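Note that chain A is present in both complexes that follow, paired respectively with chain B and with chain C.
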Partner chain A sequence: MTATKPDLGTWVGKGIDRVDGPHKVTGTAPYASDVTLPGMVHAVVVTSTVGAGTITKIDTSALLTLPGVRAVFTHENFPRLNPSPDVLFGEAPTAPLQDGRITFHGQEVALVVADTSQEATEAARLIEITYAAEAPLLDPAAGQPEPLPLSPDTSRGDTEAGWAAADVRIGATYRTPENTNNPLGLMGCVAAWDGDHLEIHDTTQGTIALRKTLAAMFGVPESGVRVRVPYLGGGFGAGLNQWPYKLLAAGAARELGRPVKLMLTRPQMFRLVGHRPDTEQQVRLGATRDGTLTMIEHRATVLSSIDFLAVGLITSGTGHLYACPNVATVERTVRLNRRYPTSMRAPGEAEGNWAIETAMDELAYELGMDPLELRLRNLATDLDPASGKPWSSNGVIECCRVGAELFGWSRRDPRPSSMREGDLLLGWGMAAAGFFAYLPMSQARVTVYADGTAAVRSAATDIGTGTYTVITQLAADLLGLHPQQVDCRLGDSDMPASAQSGGSGLASSLSNAVIDAVSHLQGELLTLAGADSPLHGLGPDDVVCRDGALCRRDDPSVRVPIADLLAGQGLVEMSGDGRLRPPDAAAAGMVHAGAYGARFVEVAIDPMIGRLRVRRVVSVTDGGRILNRKLARSQILGATVGGIGQALFEDTLTDPGTGRVANGTFGDYLVAVSADVPDVEVVFVGEPDRYTPSGTKGIGEIGLVGVAAAIGNAVHHATGRRMRDLPITVDQLMM
Partner chain B sequence: MKTTRSTAPAPTAQDEYTVDVFTVVNGAPVQWRVDTRTTLLEALRDSSGLTGTKRGCDQGACGACTVHVDGARVVSCLMLAAQVDGRQVTTVEGLIDEEGRLHPLQEAFVRHDAFQCGFCTPGQLMSAVCLLREGRAGSDAEIREYMSGNLCRCGAYDNIVAAVREAAGGGA
Partner chain C sequence: MRAFVYDRPDAVDEAVASVAADPQAAFLAGGTTQLDLMKDGVWTPDRLVDISRLPLRGILVESQQLKVGALTTMEQLAAEPVVAQRLTFVREALLAGATVQLRNMATIGGNLLQRTRCRYFRDPTVAACNRRSPDSGCAAVDGVARMHAVLGVDERCIALHASDVAVPLLAVEASVLVSGPSGQRRIPLSEFWVRADEGPSIENVLGHGDLITEIDVPLLPQGWRSGYLKVRDRASYEFALTSAAVAVQMDGDMIADIRIGLGGVGSVPWRAREAEEMLRGTHVDPVRFEQAGRATMASAFTVPGTAFKVDLAVRTLSRQLITMTEATR
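Then we have the complex of A and B:
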């Protein structure tokens, strides 16, 4: 842990434009799909047309006579791969094309490689596969419930006693459907081998995690595998796992001795790179007449695929938001012949918050109490109610109060259908929100050059959140430079190892690594200060870098140009390596808090045709120290759009007979478009978090949490109808 | 700009699967000898190396591949390369001027942070340029309606509207 608090404030926090903006608006930012290598051939994945069973025959002989076709890989000729190493968030999907087993409809069963993508696509269409099909297991009730490793059951107090002691009780079942991440960028890669060295341009959110998997499964040294992702067309969790397509491309490239490009199609994006899995949740709440919670019980079942478990985390936040003495959470999964689940923006909280915050609204109506007042009475802001230790920061009450003020909540008539505008029914709803703290390891290298400029390097990926920009701002403050003097490069596993962009963990992880790297850099520069130097004898935290000079922290007029320090030893640059140094949790005496929020929504419903419009959103977030106000606002705006989609549109349908995705295109799977989104008011509250020197919290996901529940609660306010199943569709709103 | 049909003769077929296409891309004459099944999107990206135009769905549903053909916006994944023979194509690479300066909309997109991952951005820009030309930026609601063919999964819509509104107000 760096002893001295960093000097931040000149550039950190400012809403500067994205440093990669000009590349993105001119079409010059290179994504994996834009990579072309000499001699490159194109691969197309063939997927199963049954939901369970075994392949009995694949006839590829005719395909090989088609123009341009170079190879067809099936389980009969694809190279055998080593078992997957442990991966982030649980199991890895099984290696592709190792046997003829089919575990879900649309699974990878063959790979066609041809000179052009048109030739490969044509050949893939003509492949003939015979299956011994079995009836897919698709009914959750017929499956075997099992626990989820990342979501253990929790219990405190005595929920049955809390139930008995309650004056008012509610209990209901809530459902969230499968949602598909669907980043705009189709996922895929270009893989090229040189002997045992593999270079892959991919759409992963984590270059280091992918490097580890590829090295282990192909049996080559990790040092020789390079993963490059300078730009990423979104992901929202779909880029967290080491999906089979990457192994298919790398395997084919090795067999053919040529670079192989493999880009998934949009329909394949619904089946081969994960989704937010379906949940069914039972919630019971009890409270005394004054609105004090006496018990919370949250039971969730989340669906998994046969070979790959869901992440879960549906109930993991439940015991931490409200100060209730009696809480029990139970989470189970069922393995079905369904496609792979994964994390999708705000994993677990997106689903769990829907149930809990809808239930809280139901409880408020049972109590005859303002839903905001019920939250304020029970939110746990000082101590984490599970451990009894103080939070490192918690601004959830401030989020609620500020949001209510901006929204005008006090003018709300609580009676359902009481607020109207002409023929329209208006509804005002709110929800509180939290997202867990997650602090994965990252490393970074900071280099200063004789010309006064500096560079930051890390293997982290900028998924679109603005990592390039905020790290540039942070380094500019730490080095006393203008952001234009700092060159930040990311997305290359040959750079210092970093966590993935995911779990809202990267900004904190990487910014603390950069703070540590600058401290080490200062230490390295001090070793160049000879006995006659005014800086001689000082420690790394006694000095700061300012305008190309190393200065005494307590008296910046005592300074030595970095160029002089370097030249004295014949150096042209000096680097400092750093890593996240998380505090010892026990010694810190506090619980690392995640981000918090409160969402206030106005909907207008035309009862004659069931049309619902979200008219107004006030979204307040405690995100700790904000690194860039403009980009942080964009994170909350974007997550709000995701929440509107979750609430009103997104629903990946599975054919109950075959297990096939029934709406796997952008024509059939609806997402929020511009016309569905109102102007959103985004406000940040709270203080820099105490847990790490950067003071940051992750804000990529918190903005989505609570949006769906606030909309559902607003619908209840408008109509008197309680929404418990997502998405909220016209048929639920027709009067 | 008015849309005009080409008066050029039909593209010349070399063999069953190959066709020669003569077109103008971003003001420069271009010849493609491509597979007859090649879409305009693929020809731009693979034959001309203009990878600014993105493939997001290949089904005309996301707008990421939006380009201009004879001044009108089209989704280039639903148009065969052979169909632009004798016509004018403009891509995102053609928005900067001769001196390399950004188009006012490109500047407004940067200033308003009208993108995050940036993958849908070229298509958003190409739609927005046409929207201004079509006179469809009269109100935020109108901008939203006429930009709704371009999906943004990062959810930058509010900032896109702000950027288009500003560019419209600036007389672009």
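Then we have the complex of A and C:
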């Protein structure tokens, strides 16, 4: 990238309060569930009660006589949709109601539309559907393994030679269960057509991917589809895909000529908007006596639904964290009669890290070596071991060292069950963590007005992490304004296109688009400077905006008020459009690095009754440039809570005979609650990353990676029992 | 949702008559179980008789017992100073249950009548549930079972009674006062619930139109100690995997008298009488504690997902016995 390094530091990095906070706490932030349109009717999804087979009969005639019921859509009368286009992470899951085929228990089989949601719910309850049921395929061993397009096998060196050369070897199988994303905000939408124009208020994390999907599948121009998501009640990945419910609402709205509102129920959130799929992983590690890794082999099988594949990424980080010459990764999936998988916070990395970082702890014990020392000896901090090129930044060693110091790791007695407090066994565990670099395309528009204020516009969504706030801070610094003079608007596909919030890529992608947009804005403003202007003849990077004026960068006292520049040409505003401009990595000679971390955990276990409590966590993260310390800390805190849930509680269970979700409510599916969360010390280390001008790395997901393994390793330290299957529950800890 | 008639009478007689007259009517108190069941489509009353205006709130402290109005909330009972002093295990069980939001809505009468949390019972698309529809089978026995019972159950139904506070109330020999179509009667809690292995579709001895108006809770005599231990994966807002409510009267190193209730294990709140008899009049001895637990759990019926509960219940009881007997020395 050629742009001059921006001058950031007045507002960027500061832990200012969320700019959207007042809207949220006063209930004035409009979420999709708050949208009400004139003439709007309500739709409720009916789901299958068998796990495989075919619908043989749906009798809807009786339902149409019920109070308020307007329509019942089934595969017999729902409009035929065009094929799904390829968007983010592939095409949409199966288009709904196109045939009578059932591929999982809880699949969409009908849509009831009524004047009120209560009437629609009652009619949906009374619908009678007859199935030719088949035995669902639920046993992974009975399925056909197939490769995953996004998770190719990798290999370097010779793992068998590395195995043969090892003095110490370990090999074991690790499992992670299905977890359900469960954002607090229920997902849903309001769809309204005006001729061939569709406007949809939705809970997607990516407005542009949904726009493209809706346009293609309904056969209308992309220019005529508007997706609006000003606020999102979370997502954790559940908002990444083009789920059938959106197509159902849009289809029903078009057929009925009325706006249709469709909100999923909490039980439906366990079935219709994805989950973190189950994995089974085999890991082999070899090392010489001094703890130098001689080989890593990581094989993973991840479960998919019949028509929609898992993303995978279980093994994709394995070859990059440790400097080992011999590495092989193999990843397969099996299609079963299970609900749609998707990405869930730190997809793949959270599962793969559980296996690798537990295996590293096992190797450390086999070697008789401190687990921290084993990491420090092998972590690849200078060069990416897969390509041999330098990282754009890598603070993983610093994460480990700083975390160990803060935690007091040197006081750890490595012998299992050696640290006690009364009846309690104490365990100290750690894990290293990485999260892949991901830099999708985003665009943004920056506008300055004659009154000295400015606006940033992008179709990007703020999933709740603070995108509004960090972009406001960035624009304030770039334009030399106070954040209160900057209005940031997001979540509307009519604004400049943007990547989704997901993959920890948005903050970096969008911040660089804003930097580019300001550069273009400065160029546009310069075109207004006539021959008599002190700024005449300067280039876009020779000037900066400060306090409503365009100034010489090297001498800010040479300045022209923007209002004067605009007025000179009869203008009231000026905009600059920008986009992410990734550097030519090959030319730059570096590999774009993701975020890194190290987690240190203390657990206390009452061995008589198997009671485990996490007592403290030190979480250190290299997130490159931190845009807002307060929000960044919140991201790591929240992800730590998610990691505790992954380690100890979260487990979406499937009935062995039917494929039904066995615990799909908040009463039955456990997530960590406040009482489970101890003191968490969040620390950031590292430098702004060299790969992009903004220098930030995504930190929405890295905080979860490594938490489960650190807890599992702490359990081993406390009890001598090696935990290889998640979650770790009371029944595994009675001693 | 399904339409229903909503009544809110002011007098007990009126409420009882209203429900008794309509076979499809039911009382509504705090609603923390009932509204869930209605939303799940498991329970579909045509008439709800809201009893929240009945004069059944409050606690009357007498010298030997508490008279607790059936509409007293869990939080109100937990906040009563006499409960903290003389019925410590009742207070601890209350505060270990649900969340403060739920405890501010949930009533003591309703707590005793709460329905099982079995997900097969609570999902009307599951056909096999002997509790919901007699002779239809039990999906839980072959399904995903963990939060299920191992005592007072058999292959016909493994539904758990998940109440915490019912466990110490049973141990302290509380009773309920019931107003019904045929007048008032008193039912000791020991005779109130019906075990699943004695008929999975019947949960208690109340008839249609019977209304609990009061719970009478004997105070533990001076010199007794009590406590409630709840074991669960999560630190809060989860039903017990196992729990033990223990009250003891110590005489030096000897257990002079004892009451034990177990939670998380039974189709009904479980009184561990065998264990009480084995321990009464004996010296503190952890080996004997474990034997008493084993004797209590000897009749357990388990499925793969619940097998761990036998051992866990023994350990939970042993731990609580150790804690309670240590505390007196």
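Here is the rule we go by: the second predicted complex is superposed on the first by the 733 of 735 C-alpha atoms of A that agree within 3 Å, B and C clash if a C-alpha of one lies under 4 Å from a C-alpha of the other, contacts with A are read in each partner's own complex, and residues count from 1 in each chain.
Quick note on the criterion: contacts are C-beta pairs under 8 Å (C-beta built on N, C-alpha and C of every residue); 3 or more make two chains touch, one makes a residue touch a chain.
Source: prediction; values computed, not measured.
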{"item": "Which of chain B and chain C A:Glu122 touches, first, second, both or neither", "value": "both"}
{"item": "Which superposed partner A:Val641 touches (first chain B, second chain C, both, neither)", "value": "first"}
{"item": "Which of chain B and chain C A:Gly388 touches, first, second, both or neither", "value": "neither"}
{"item": "Contacts of A:Asp17 with chain B and chain C, given as first, second, both or neither", "value": "first"}
{"item": "First, second, both or neither for A:Ala672, with chain B first and chain C second", "value": "both"}
{"item": "Chain B versus chain C as contact partner of A:Pro38, first or second or both or neither", "value": "neither"}
{"item": "First (chain B), second (chain C), both or neither touched by A:Met734", "value": "second"}
{"item": "First (chain B), second (chain C), both or neither touched by A:Leu232", "value": "first"}
{"item": "Partner chain in contact with A:Pro30 - chain B first, chain C second, else both or neither", "value": "first"}
{"item": "Superposition-derived comparison: chain B or chain C, residues of chain A touched", "value": "B"}
{"item": "Shared contact residues on chain A - chain B and chain C", "value": "118, 122, 665, 667, 672-676"}
{"item": "Residue numbers on chain A that touch chain B, as the complex places them", "value": "17-18, 20-31, 33-34, 36, 67, 116-119, 122, 182-186, 231-234, 236, 263, 265-266, 463-466, 630-631, 633-635, 637-642, 665-667, 671-677, 679-680"}
{"item": "Residues of chain C defined as touching chain A within the complex", "value": "1-3, 36, 41, 117, 119, 123, 125-126, 139, 142-144, 147, 229, 231-238, 241, 308, 311-312, 315-316, 318-319"}
{"item": "Touching residues (chain side chain A, partner chain C) in the complex", "value": "49, 118, 121-122, 125, 608-611, 613, 648-649, 653-657, 660, 662-665, 667-668, 670, 672-676, 727, 729-731, 734"}
{"item": "Residue numbers on chain B that touch chain A, as the complex places them", "value": "17, 35, 37-38, 42, 45-46, 49-59, 61-62, 64, 91-93, 95-96, 102, 106, 109-111, 113, 115-122, 125, 140-141, 143-145, 147-161"}
